[in-house]
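Take a look at the structures listed below.
In the two assemblies presented below, subunit A is common to both, partnered first by subunit B and then by subunit C.
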Partner chain A sequence: MVEFRNKQMINIYLILSLMIIASFRFAFSIIDFSLNRLASPILWISFFFAGMFSLSLTYKREIEQGTGEGLLLAPISLSSIYLGKLLANLLVISCLELFTLLIFFVFFPVDIPDLLTLLTLVFFGTIGIVALGNIISAISSNLAQSEVMLPVLLVPLLLFTVVMSVVSATSKVFAGAHLLDVINEIRFILAFDVVFIAAGYLLINYILED
Partner chain B sequence: MSKNILVAKDITKSFGRLQVLNGVNLTLNRGDRYILFGSNGVGKTTLVKILATILPADSGELTLFGKKIGKRSKDVKAMIGFMSHEPYLYNELSAFENLNFYANLYSIKNKKERVENLLREVGLYHRSYDRVGSFSRGMKQRLSLARAILHNPDIIFLDEPYAGLDIRAQEILNDLILRLNENGKTFFLITHDIGISFEIANRIGIISKGQIVYEAEGVEKQVFSDKYREIIRREMS
Partner chain C sequence: MVLKNNLKVVILGLTVILTIISIYLALIYTPSHETMGDIQRIFYFHVSSAWVSYLAFGVTFVAGLIYLKSRDLKWDTIAFSSAEIGIIFCTLGIITGSLWAKPVWDVFWRWEDIKLFITLVLWLVFIAYLALRANAKSRTSKANLSAVFGIIGFICIPLSFGANRIWQQYHPTILASQEGSLQASMAFALIVAVFAFTFLYIYLLLVKVDVERMKETIDEIKQQAGG
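Entry: the complex of A and B
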């Protein structure tokens, strides 16, 4: 609820997504290149960077408003704080990604892919980004220059795990693939999702206590 | 049941090379209104956060309600209320939504009734559905006290609760504390200002250089004031 009420964050996310997609559209309008082949990386770059902005505020705002200590006072496990943040971020970022998808289809006249498969990939890919992003956000929120530290720590970890698989699978979907054609990639992404959520659930005690 | 509800023995805490607490010993009895005075930077906030189980101590022993405190003592946390100069409230949510959120964290039964009663008690019922971001400092502090006592804790810690409050708001806060104390709540309050807080104390102490160096009961305000000044002078020298 706090995320949705904070219009400043949502507006910045939406403007950032719009700018990224519009920039790519203008950049590629002068190059003779298949838009279907570009669709996947452009979409995930938008999701990734705009999502990172939202993730950077997850724990930082709790520290700035002092509400983090309010949560530490409550008779709840720190793991449940992690899971609550994970679900809230997943909900907010998924809603914002749907908006980004709409902008994308307005700017890029691509062949409409199998939407069920595309949305499945977006959902599972987002779980991975949010699960790992939450852990790194908790770690970096206590560091100086936390806004810079989040992408520095998060990008390399996500790039070679969830992002590579999800970009490759989304490319196939824009080339005409359906759910069963990318099932191996989905399994791979799901495995990372499970590992990241389990790691966050177990590590959050050490991160927040100290 | 034991009269002592809090016993702290040789509590130490440092941040890096800075030793903030240097062997604090303290006992709180049921029904106490203990005010701990100390100048800025002597470790008051660190001590109250350790006692409220927000921060772990480096060494020493803390016993609350007869239980030794570990890293996450969930059962004891339900018996602790904490009000800081930071209100621990979400500016984007209304007063009702804030209390309702914390009521969920504490698994409070009859949430709506409890939250509405508390909003009445702190004089904010008419602003229940206004966003906290639009509240004055005094209103936030009153709502913060409502948050601290929402789950009916046995002991309530207050960290500089008068900071930024005008005289009227300070008096309202004192009235609330005295009323709750009559109902058996124990209070531990830290402040650097003798002013209005002295009136509600039944036990007082002074912390200096990370240790409680003076404790008294029923002492005259002027006598205590002289002692406090003397300790601060020694600190400075």
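Entry: the complex of A and C
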């Protein structure tokens, strides 16, 4: 929630997603391609990288500002810290994604898909990204070169699980599918979310305690 | 210690003997494949490397779990050693597979094949695992963080099976299917090769764990001498 108090930070995130979308638009302006088919991967890669910057600070800020110890001393379980961070990140990254989506529709002249389905997918996909990203961020904040280590650790785990399935579902939406057409994919993504939250909830103790 | 050294010598002996037998079986004893010809002979080593890499990553996962339960750094050393050996065999499996695929499939790699995809993901996850260990700040934090990461990485593998919805099975499923099943001599050669590689893995693991222990001892002595 520090993000909202610190206007500087949230502005930088917004500018960053603008830059990412603009660079994709630039990359695809010089070749001939079908916008509707590439929309989904472009969108999710933007979400993924914009979200990662927000995730990278989640635990690192606590360590740098010395507030981490206070947090550990508080009479709450470590798992609740994880859940709290999860909700905070979810809020920040969701706002970020809505903004990115807006810019995306401005920059890329795609057919407007079923927005309810798109937003549902974005929401559930984001839960997965944040649930796993949170615990990896806790790991990387304890490492040297933590800024580089977060993407190194996160990409192989996240890109081939949640992001992959959500991208294939989103491309169906851009091809004209509605909520009921992708209900199987949504169930699947929900299963990922549950597994990741459970893993984070159980394993966070081992990361934070020392 | 003596017992352990004896065990190592026995396993080394078994590995050498089985490897020699397996090379003979794979290259000379078995007949050429009806359709693929001699290219198929790489299959004995390809399957064995892939099996050893899955085994090694499984050992990393289990050792990580035991470490988190017991907090005995011995298990962390085992997990790390096994991961490193697993990456070597995983790389070998990918290379031998690509060499086989070029003449048979006409390409080195098929992105839509689920087994190739999963193996690549595993490889990337454990490369990241090594990067994590290289950047840890202390011995215990290295052990804790890498155990957690190894466990999450292992959980993600079955998940990416499901995530890859468009996957197709080009991979020969020789052992499971009826018509493509192996001739008896080929099956025998495969089994020997798998055993040879498994013993090689066990031997490498024992040696690697010893090397890691020696490194730790050296570090301790250095600290005592320096501080």
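By our rule, the second predicted complex is superposed on the first by the 209 of 210 C-alpha atoms of A that agree within 3 Å, B and C clash if a C-alpha of one lies under 4 Å from a C-alpha of the other, contacts with A are read in each partner's own complex, and residues count from 1 in each chain.
Definition applied: a residue touches a chain if its C-beta (ideal position, glycine included) is under 8 Å from a C-beta of that chain, and two chains touch if they have at least 3 such contacts.
These numbers were taken from a predicted model, which means no experiment stands behind them.
By the touch criterion stated above, A:160 is placed in contact with subunit C alone, subunit B being left untouched. By the document's definition of touching, of the two partners only subunit B reaches A:65; subunit C does not.
Of the two partner chains, subunit B is the only one that A:74 touches; subunit C does not reach it. In the superposition on chain A, A:206 makes contact with subunit C only, not with subunit B.
Touch criterion not met for A:137: it reaches neither subunit B nor subunit C. In the superposition on chain A, contact of A:145 is made with subunit C only, not with subunit B.
The partner of subunit A that touches more of its residues, comparing subunit B with subunit C, is C. Against subunit B, in their complex, subunit A makes its touches with residues 1-2, 5-6, 65-67, 69-78, 205, 209. By the touch criterion stated above, subunit C contacts subunit A in their complex at residues 68, 117, 121, 124-125, 127-128, 131-132, 135-137, 140-141, 144-145, 147-149, 151-153, 155-156, 159-160, 162-166. Subunit A meets subunit C in the complex at residues 132, 135-136, 139, 142-145, 149, 152-153, 155-157, 160-162, 164-165, 168, 185, 188, 192, 195, 199, 203, 206-207, 210. Contacts from subunit B toward subunit A in the complex involve residues 49, 52-54, 56, 71-72, 74-75, 77-78, 80, 82, 84, 86-93, 97, 102, 105-106, 147.
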